[in-house]
Every structure is written in C-alpha cells, then in structure tokens.
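There are two complexes below, and they share chain A, which is joined by chain B in the first and by chain C in the second.
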Partner chain A sequence: MRHRRPAWHVATVVETRPETPNAVRLVLDVPTWPGSEAGTHLDVRLTAPDGYQATRSYSVATSEPGRVVLGIDELPDGEVSPFLVREVLAGDELEIHGPLGSYFVWRPGQSGRPVQLIAGGSGVVPLYAMAAAHAAASDPSPFRLLYSVRTPAYVYFRDELAALAGPSFAVDHVYTRQAPPGWDEPAGRLTRDSLASTTFAPHERPRIFVCGSTGFVETVVAWLLELGHAAHDILTERFGGL
Partner chain B sequence: MSLTTRGFSGRRREPDDRLPPGQTLVQRWPVLSAGPTPNVHTDTWDFVIRDEGGTEHHWSWDQLLALGVEDITVDIHCVTHWSKLDMSWRGVSLDKLFENVETEDAYVMARSYGGYTTNLPLEDLLDGQAWIAIEAEGEPLDPEHGGPARLLVPHLYFWKSAKWIRGLTMMPTNDSGFWEQYGYHLYGDPWKEERYS
Partner chain C sequence: MTTRLDGNVLAGALAHLFVPDATDLRARCTNCGRVAPIAEAVVYADAPGLVARCRSCDHVLAAIVDAGDKVYLSLSGLSAIALPK
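Right after this comes the complex of A and B.
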C-alpha cells in the first residue's frame, strides 16, 4: 500500500455504539476515503454554528476505501471526545482529515520477524488495526498482543480480538484493577517479569509497537530496553496529547 | 470547506488571537515521540555544528552553559493541535553557537540522540529566534520532554524543536528530516497551518 496524501473528507456516521463504559465505536461512511495503513490516525474537526472549530486526532481501528471505524475514549474535561462519545448520532456528518502518519504503521509482507504489540487502555486501537491487517493479509509473521486494561469491561474490540486469536496471533491480558472471575493472576499493574513472560524474547528479534499513555509507554519501553530489546526495534505512540 | 456539526457548540471561551488556526489551549504539557526516550547524560553530552567543509564545532555541557543562559518566554504550538502559552524556558541562543561558524549553506539538519532528525532553514535559527533549551517552567528539562537539552524554535510547529539535540549539520538543500519524510510539512508555520506536505 503506497503512501496516500492526507485530504479532507466528509464522513457520515452510520453506527455509534458503546465500546467500553467510557468509549464509543463510530462507524463512518466516507465515500472519498482511500483506505489507510494499519496504525495510522486521522483528525476529526467539529464546527459550531458560529464558526468555532475544534480538532483532535484519533487512531483508525479499521479502514477500507469508503469506510472508517474509530474507537474513541472519553477524556475527562475533554471538548471533542465527550461530544463524539455521547452526542453523535447515526446520520450526522463529520469532517475528517487523513490518513495521517506512516511511521507507526505495520505493513504486511515486510519481513518474517515476529511482531509484538503492547497496549495500555485505549492505546489498543492502532494495534488492533495491525492485528486485523495481519489476519486479513494472511501474513506469516508471528504476532502477539499484550493488552493492559483496568477491568474486563474496558477491553476494546473484545469479540474481534477473540476471533483473531489463533496459531499466529496470541493475546495476553493484564487486568490492572479487576480481573475476570477465575483469572489465575490477581489484578495489578504490569511488571517487568510479566512483560518478559508474555512477550517475544529479545533473541527472537521482534519489532515492537507500544501505544498507551505517556506513563505506560515510558515504563514499558524502559523495561524492554533492560530486557535486551534494541531501541531501533521499538516504535511508540502516545495518546492524551489533548 | 466547513461543515457545521449538528449539536456541537464547543467549549465556550474567549477568542484568543495568540492561538493559531486549529489549535486548542492546554495547561499541562503533552508528550509525543516516535520511540524510546534516550538516556543522555550531561557529563558526556557533546554538541556539534558541522559545516559544509566538514569542520566540526564542539561544545561540552559546561562550554554550552558558559556561552550564557537566558530566560525565554514563548508560546508553543504542536502540530497535534495543542498550544501552550507563555511557557518559561532557559537556554542558550543559537546566535552564540553560530558566532564563529562560517557557512554558505542555507539549511540545517538538526540531529538528536536516538536518531531523530528535523530540517530547518538556517535563517530561522538566528536573530534571537532559536535556542538550545535546558530548563522549562523552572525545572531542568525532563528526559520525556527532551532533556537534558532540546532545540527550541517556538515560531514553528513543535516537532521542529528537536528533543535530545546533539548537533546541527549544515546542508545546501532543504532535505527532509524524520517527520518530514513521513508527510509532515517541510517548514511548519503554525499561523499558515503548515501541518502536512
């Protein structure tokens, strides 16, 4: 897939549904959307009747020409995300600009090296896009996702991730506040040891994509380096810029 | 093109003519970076300006500070739509570093520990427009924010203010740096909304 120039598009909301207790899944019909690579993001721009505008960036969960799916977390004290999570209805039109970003991107067929995805909370959205692209392309690279999330109710794309899991894609969850009944680990933060035991080892030379809050990314990447992964194999994306 | 969004009024606030188009005011300081935060120590820190003849001008941390650290108060505009006004910084003006550098080249590639690069016209780094910043808001720069030292070029989008700066290489043409190769604007003027190429 070649680089596509970002451009403005008019998107029509075709479906909005709760994704977690404070996140929504928006399915957008965008006739002019060219499709985008897994891991890219886009800007959503809202315009008030008096011309006031607010723009925020969101990762793309899945995209094909003409269609975009977003997973949007409501930020406390936010301006755009509360509107997208609570106010938007099917049939509404939104302006989007993209696709953006071709660095934090996974492309099928690049190498046979394993790919380790590490997500904190809503940081799973671009990583889910990569896992879905991996399955859609039947790419032979082994994939793993380590997903740190506060409780089972906060898991994004639960059914889709379960459906993707298989011989070439393993999913491990870490529940930081409340684990599901019968879970063999108590709830608690990710540790260096549990990171080491649920991710590809350094000698397997995985390419690693980490996405989450700044605190999560800083902590996880420092451990990855201590465990022996090479800095240039680690790509990061942080949310919560606004 | 501007489509009114049904039901959106936005957070009511006074219009601020210090905010470039598409920007939103923040109080906290968000972090964005493409990879691991490099661990850079001031005792081994080395800053180099390399000219077209291959001559290298080096400064250690202490030599940098000896050039004179000044107080700077500027507005910061990030391409991801946040702006932070009246940030207080301390740093060394690039005018001082370029004082004895002879160059005909019009462009500079800023290079960072960790491999990040970004391109700028030389004239945007001179005449009191750019610094090597070592403190922000009264504290030494955190590693996440580019410490111990980052470039500070506040009149351009903040990705031009390279974190973990280690040097500047003169170049005759405006070659693309890291984000510029990934579709971001070659220059990045926030007032013209030069976000993407």
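Right after this comes the complex of A and C.
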C-alpha cells in the first residue's frame, strides 16, 4: 500500500451528521478508493459554476477500501469547509484526490516502541485513524492519546475513542474552555507540565505524532524538545490557523 | 492572515511529479545544509502557488506554481533529494 499512486476519485456522500457544534462527519462511498494507511489525507476539490476551483486537504479517519470517513471543522472564512459542513447532502458527489502523504503515517508492526498521539481539536482525525489501525492489527506497542479540546461537546469520535480505550490504548483529555462536571482539573490550556504528566516520558522513547493548528503543533513540539524528546522521534502535521 | 502549513500539504501537488508520494523523501537545503523529510518544510500556501521554506534557516527550498496549461516546479533551494530505488 505504501507506494500506491494517488488518483482522482468520484465520491458519493452516504451520510452527513453533526460531529461537534462546528463540525460534521462525512461518510463517503468511493468504489475506486484503494484503502489508505493510518494518518494519510486526501484533497477535496470543489468547482463553482463559473469554473473556479478550490482544493483543501482533510485527514482520513478510516483505512478500508471503498469507504472514506472525514471529520470536517467549519473554518469561519473558509472556501471549502462551510460548503462541506452546511450544504452537502447525502447523494451529492465530490471529487477527491488520494490517498496522500507517506510521512505522517503509522504502520502496524513497524516498531515495538510506545506511540504517543497528541491532538489539538480536529487534529485528532488522523490520530484516531492510527488508534483504530493499532486496535485492528492487534499491534502490541503501547498507545496513548493526549487530546486538547475546547469542551466535551467538541470531542470528535467520542464513542469510538471510548470503545478503543483499554490496556494498550489510554486517552487523556485536556479541556481548554469548559471541563465536564466533576472533572478534577479546571478548564485551561495545555501547559508544559500537564503535557509532561499525561504523555510517555522521554526515557520510554515514544514515537510521537502531533496534529493540530500550526500554533498548537509548534507550541507542543517546543515543549517536547525541552522535556528531552528527540526531534527525529516527533512527526507533525499542521493544518493552519493561528 | 497568511496560512502557514507544513510540508504534508505538498503531497497532492508532488504526487504526479516524482514517486507516488514525495513528502517523506529526505532533501538537503542548499543554504544551511539541513537534511530533513520534505513534509517538515514550512509551506506558504497563499503565495502564487506553494512556496516551501527550510524550517531551520527560512531559505526557499521549492516552489510549485500552477499556470493553467503548465505547472512550474522550482527546486532551487534543494541540493539533493534521496529517492527510493
């Protein structure tokens, strides 16, 4: 699967449903989709009646052939995401290009070292795909996800992540604006100390995948380096924003 | 506000120029000599086309401009790319 050449595909929307207050989950039927490795993305291309085209990248939450699940946040001034979040209906067709990316990818059996996933907001989508692939492959490496999110309502794949959690996959949440009732930490941004206490320690030599806004990723990577993790063990994917 | 992404977003644009996906290939910056996967570059997507800069020294590594009937690719800032055999 690694060096499969990406191609353009016609995708039919099977289902669209609210994922968070400003995001949808799109389930696509794509008969020509070859399946994808966990962490890869695809490009969605929209064409206006006047021929103007806009293309944006979205991470893929699934890995099997023929079917693609996306989680899409609506960006306030976006050209593509408001259409995908608000306008698209079951039965609509979309042009997609992929699977794309061989860098920000987790492959089963690659290493026995622990894997630390760190997500900011919708950055959890490719990391969820990795956690699901880890479970599907019964891969023995310990997995841990640190997930920074505004409030409990903004958690993507809540039920799926809860179902995956177990002896080899731990999930830690950081709520930046509002924590659930009875939560033992006040809501607030991730700090270097809370990062250190909820992730594998540097001496455990985790491989680390960080995905989120550009600002989130750069802040987290700087802290990881200060904590003593090696730069070559940290893989990143930034989706823009502040 | 400029959109500042990273080299992962180049995967689609590079897919048909090189191997199926070039973003995990390691390349060397002509200015500072850093060798890193292309996915780790700083990519500016709001320029005409895509401009990739070195994450260490900010030197322009590569640019990809879609001019309608052609795509222009500049690799002026990359002195070497390691390709799989």
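One rule holds in what follows: the second predicted complex is superposed on the first by the 239 of 242 C-alpha atoms of A that agree within 3 Å, B and C clash if a C-alpha of one lies under 4 Å from a C-alpha of the other, contacts with A are read in each partner's own complex, and residues count from 1 in each chain.
The rule we apply is simple: a residue touches a chain if its C-beta (ideal position, glycine included) is under 8 Å from a C-beta of that chain, and two chains touch if they have at least 3 such contacts.
Just so it is clear, the structure is predicted and the values come from calculations on it, not from any experiment.
**Student:** Looking at the combined model built on chain A, do chain B and chain C fit side by side or clash?
**Tutor:** Clash.
**Student:** Tell me the contact category for A:Pro6 with respect to chain B and chain C: first, second, both or neither.
**Tutor:** both
**Student:** So in the superposed three-chain picture, is A:Gly101 touching just chain B, just chain C, both, or none of them (first/second/both/neither)?
**Tutor:** Touch status of A:Gly101: both partners.
**Student:** In the superposed arrangement, which partner chain does A:Thr236 touch: chain B (first), chain C (second), both, or neither?
**Tutor:** Touch status of A:Thr236: both partners.
**Student:** Taking the superposition on A as described, I'd like to know which of chain B and chain C A:Ala54 touches: first, second, both or neither.
**Tutor:** It touches chain B, and chain C stays clear.
**Student:** One more residue to check, A:Phe143. First (chain B), second (chain C), both or neither?
**Tutor:** neither
**Student:** May I ask you to name which of chain B and chain C touches more residues of chain A?
**Tutor:** Of chain B and chain C, the partner in contact with more residues of chain A is B.
**Student:** Taking the superposition on A as described, I'd like to know which of chain B and chain C A:Phe209 touches: first, second, both or neither.
**Tutor:** Neither chain B nor chain C is touched by A:Phe209.
**Student:** Given 7-15, 61-69, 79-87 or 97-105, which one is the stretch of chain B whose C-alpha atoms run into chain C?
**Tutor:** Among 7-15, 61-69, 79-87 or 97-105, only one stretch of chain B overlaps chain C, namely 79-87.
**Student:** Where on chain A do the contacts with chain B and the contacts with chain C coincide?
**Tutor:** Residues common to the chain A contacts of chain C and of chain B are 3, 5-6, 43, 55, 57, 100-104, 214, 236, 238, 240, 242, listed in rising order.
**Student:** Please name which positions on chain C make contact with chain A in the complex.
**Tutor:** Interface residues on the chain C side: 1, 3-9, 11-12, 15, 19-21, 23-24, 37-40, 45, 84.
**Student:** Going by the contact rule set out above, which residues of chain B touch chain A in the complex?
**Tutor:** 1-11, 22, 24, 26, 30-38, 78, 80-82, 114-115, 144, 178-179, 182-183, 196
**Student:** For chain A, which residues are in contact with chain B within the complex?
**Tutor:** Going through chain A, the ones touching chain B are 3, 5-6, 8, 10, 43, 45-49, 51-57, 79, 83, 87-89, 92-95, 100-104, 214, 218, 221-222, 224-225, 231-232, 234-236, 238, 240-242.
**Student:** Taking the touch rule as given, give the residues of chain A at its contact with chain C in the complex, in rising order.
**Tutor:** Going through chain A, the ones touching chain C are 3-6, 41, 43, 55, 57, 97-98, 100-105, 214, 217, 236-240, 242.
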